[in-house]
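Next, two complexes with chain A in common: one pairs it with chain B, the other with chain C.
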Partner chain A sequence: MRRVVAALAGSLLILALSSAQASASAPTPAGGQVWNQNQRVTYRWHEGDEPPSWMRAAINAAASDSNESRSAKAALLSHASSAASWIGYTGAMPTTWAIGYTVRNAPTSFTMRLRPQGYPLDWGNLRWCQAYETPPAGCYDAEMIALHEFGHVQTLDHPNDADVTDWTDTVMHWAPKTKPKAGWNQHTFGRCDVARLQIRYTPLSSSTRISTCLDLNTDLSLSSSMASGGAVVLTARLKIVDGTIWPNLASAPLSSRTINLQRRAIGSATWQSFGQLTSLDENGRYTKTFSPTDSYDYRVIFNSPANEGLEGDTSLVVRVSVSNGSDCGYGQTKMYIC
Partner chain B sequence: MLRARWRTSIRPPLIPPVVVMGTAVLLNLAAAQLAIAAPLLAAPAAPDCSTAGAAARAMARDSGSSPAITQRLDAAGTYTGLSVTIASRQEALNLPAESFVGQPAGDALIYTTSVSGNSEVHLVDLTLGCDALIARPSGTARSAILSPDGAAVYVHSVTYPDRADAGVARYALDGGAVDQELPPVPGDVRFGVTFGTQLGWSSDNATLSVQSCGIGSCRTRLLELATATVTTFDADGQGPIVGVTAHHLVTFAACDGLPCPVLSTDRQSGISSRISDEAWSAAVVGSEVRLSTAAGTVEVLQ
Partner chain C sequence: MKRTGLAALAIPTSVLMATLWLAIACSSSPGTSTGPAQHSGAPGQSPSPVIDVTGAPSTTTVGTPVPMESKDPNAPPVATLSGGGAAVQGMTGSYCWTVAGTSACADLPAFTDSGPDLPVVTLSSADTQLQFSLADGYAFASWTASYVDDNGNVVALGGGGSSFDPDAVHSSAAPVTSASFGPPTAHDQSIVQVFVRFTDGGDASYGWNVAVP
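On to the complex of A and B.
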């Protein structure tokens, strides 16, 4: 039904929607071989280049930031003394200029280098905020930079800043900001980082919120069945549409969302709220059981949530007739309660 | 892409090549001379490599020796400098935080030091173990590279104490002129402040590459020695330099890690093309680029 409405809205509406989408941030670019879903990837401190305690704490915190904010089945990162991957605190990098440098060899291992505090660059000496009790202006937040590098580990690349409308949409900027500029100490993946991780790894579960950096159409269906005692069971199913451009997200079930139920009297054009369906399982199914006393048409509605990148959808109509065995006469579903 | 001719003679050389870490006899004989070129670093006695042509001789020799370089940190984890261990020397060179150690060219190793704006450029012969002060640039020396014939050293510096880019100067090792070969890199908001500058030679040794990188991306100036023509390549998206052939500038895309795309830019037209979407390593060998990719090693003729 939503599609019909959209078609009737005409080209002006379509143009308006296109314009709105063009001004929004795009999912952070990514490339290369991915890790296995939820793969546990551990790292050790590189022998001879072990970070000082304050840097280790910042790196471990960044790993936790990645784990907690990924909202996708991206790699789980943690420190382990015998890990294949390593992180070094060293000025010995393949470039003269980067303050962090990551080599990813998914799904096997990675290496990461962070330059040491005080390392001389052309413009001056590198300062990490965590090296100070009172971080000075112009310092780099080591936790944020390490999270940026972990973003590379998870296969994220740098976005084109022209594609980013809000700085905090991503931690993968080419030029991270220093204290006290906005975003200098961002400790979670931005929504467009999450979007790409969901595209590449799929969301953590069917209950995981879909990043608002995405704009996915949904498909809501409704069916009915009879239960014992004259009750009717309405079952809805919510999923991302089959034809979305992101193959990993196509047909993905969506659980724990709000599904509103409406009904109208037979022949009436006015829909009335009839409560909500309850999330049944991780397969995107929702249900409501009730005992009807009269005949109604039913439909379920998923409204586009403000905190998710999902478009709303409305199911087709299901008719439940309360009669003594005569045909409903409606082309959908017929129910008899005698 | 921008082409220009730019070269200016600054002044006579500050110093001739001077033995810094020679034998005890030589140190005694040269004591007066050393007063104006006093080394910043104490060092043990070693053979003399300050004589004319020493750099060229070291470059022509390749014993396979390479220095072991380790960083030094204080207890709080602050970088304090480099220790350079050379097999032919009894003691390691302990360089200050503001220092640079180049890649060996044959047996010739260049390093720079700078303390409070007093900069030195040194030549080490990895076989003989000797160490000679070969230039004292003004400002803060950031890096240096020997000319392919070993007759000069090119030094990139920043001003002291402001650390503004000071361009690249050529110091003749025979006591000849000092020439400013490249002006300071101009300001450009696309790149921001310069984090690092890298000097290198084209595979045919005819062109000096000077790559200046902001935190996100880079620009490269190519100086053709024969004509003193400087060509600037500053299109968006340029990353670490891989190398330069007679006709192409090869760089990674603007990645701070690997794998990373590799770009090849025609030096005449300035047109770039992506020759690999995802490389783990890349090197210019002659007129070819050797790429290591998921598919294996690929050679691309330039």
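On to the complex of A and C.
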């Protein structure tokens, strides 16, 4: 009888890869009551202040931009003919020179006001790019400004520009740009906006990429079990560490990442690649099944991805001993293959 | 001379903001803050009343009459800047402010020469420190001050305080009630802007024209 013993050698190796992400910008500030996760929030055009068709299209596009780029369970925004929230195209704002003004009462409703085309401000007459076939320099992109306002709806505030490394890290600047400066027509939330939405609402799913504006430690564990036919199943689990400073993200499972498997001969110090584990489910589990022919130590490695704000981690070592009937020792759980 | 038309609206704004983060990021934040607050902004607290500067005593600092640009009941407290004399109320720019669970955010163009006339603070000497504070000593968590130089670059004048993250474990910000920073380089008038974040969330930007001999 052939005997396979798989054991967790807990103290053999604890390696932590530390290929830290460059993440100078901070998550966009936010405050106040959040909406429910994935809450559908509809808005209507304010009676008497209905935007012209080009502005409506820009606003609806901005709602789609918010929905598609949120990468979190933030509110889902859309227009409806009847809704508690409304958007008006009006110069009647409680502050003299604002071009946009948003009030939110999450999780109930919001109101948004955008000043009309041509409205006289002390800087000059307000011009929305969408009002022109060929938008002139100096116009405000209505879709970007509406996305900014929807950012306020989602509870985002303005960042201190001193905390922002790249202008496009956020669409929530306290003084938005006009055409043709970089970022004037940004139609997605910036990575630091997404970071805050992920902090406040949690990522959209365990497969959702974590914003590079974050820098989160991960925890990668490895276990083993027997399968029929003399096979061994290695199962890894990847999650954000329990102790991260943002409770909404603590212990969150991470699926669909690349988990590399390595092995080494017993007594050797040299690790060799042994393929990858396959993402098993939305609980951050990964697996690989194989039939060992000799005894090895195994570990799994999650390398810090360039496109995510996650630190890498390396699991503890699992030993799989293969013998022909003799006791492998160690006192570990023993699994037999007949 | 004040420029008019939308180009005037756009170009200075863009120039201003394109360089803001660069200048501030490179700053050594030489300014100082004063704290802790005598009273801080509690959630839901109403903004403090406007400081009346019209009756200020005669000093080297002159306050230019400023229109009340904000009638927003959800607006943050007004801010003042002084350079050794009377405090001059600034123009409030973009902000987010929460009162009793209702959050209001106003978005304005950047402070530029082509925008509204900003209140003027005239310094008597080029080494006079500027003092920033909110009405009634209202507290804030962090601040950054900067000005726009002749080339349109935004140059940091100072910054301080601590960050506040309402979503983080053990998040707290040590409140400050005033900030002090050096003046821009000598110029007839330079736009000085101060951005603050409040201890309980929200933010506000304020602008002045500062004349340095």
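Things to note:
Keep this in mind: the second predicted complex is superposed on the first by the 301 of 338 C-alpha atoms of A that agree within 3 Å, B and C clash if a C-alpha of one lies under 4 Å from a C-alpha of the other, contacts with A are read in each partner's own complex, and residues count from 1 in each chain.
Convention: a residue touches a chain if its C-beta (ideal position, glycine included) is under 8 Å from a C-beta of that chain, and two chains touch if they have at least 3 such contacts.
Computed from a prediction, not measured in an experiment: that's the story for all the values here.
Chain B and chain C, once both complexes are superposed via chain A, clash.
Shared-chain residue A:152: touches chain B and chain C both. In the superposed model, A:174 lies in contact with both chain B and chain C. Greater residue coverage of chain A by touch, when chain B is weighed against chain C, goes to C. Once the two complexes are overlaid on the shared chain, A:33 sits against chain B and chain C alike.
Contacts of A:104 after superposition on the shared chain: both chain B and chain C are touched. Contact with neither chain B nor chain C is seen for A:285 once the two complexes are overlaid on the shared chain.
In the superposed pair of complexes, A:55 makes contact with chain B only, with no contact to chain C. Of the two partner chains placed by superposition, only chain B is touched by A:131; chain C is not. Applying the stated contact rule after C-alpha superposition, one finds that A:248 touches chain C and leaves chain B untouched. Of the two partner chains, chain B and chain C are each touched by A:121. Shared contact residues on chain A (touching chain B in one structure, chain C in the other): 31-33, 94-105, 121-125, 149, 152, 157-158, 173-176. Listing the residues of chain B that touch chain A in their complex gives 69-71, 73, 76-80, 97-98, 142-143, 158, 163, 165, 192-198, 212-218, 239-240, 254-259, 277-278, 280, 294. Chain C contributes residues 3-11, 13-14, 16-18, 20-21, 24-25, 27, 67, 69-75, 92-96, 98, 101-112, 114-117, 142, 144, 156, 159, 163-171, 195, 197, 200-203, 205 to its touches with chain A in the complex. Within the complex, the chain A residues that touch chain C are 26-27, 29-33, 93-105, 121-127, 136-139, 145, 148-149, 152, 155, 157-158, 160-165, 167, 173-179, 181-182, 184, 196, 199-200, 245-248.
Residue ranges of chain A in contact with chain B, taken from their complex: 31-33, 48-49, 51-55, 89-92, 94-105, 115-125, 131, 149, 152, 157-158, 173-176.
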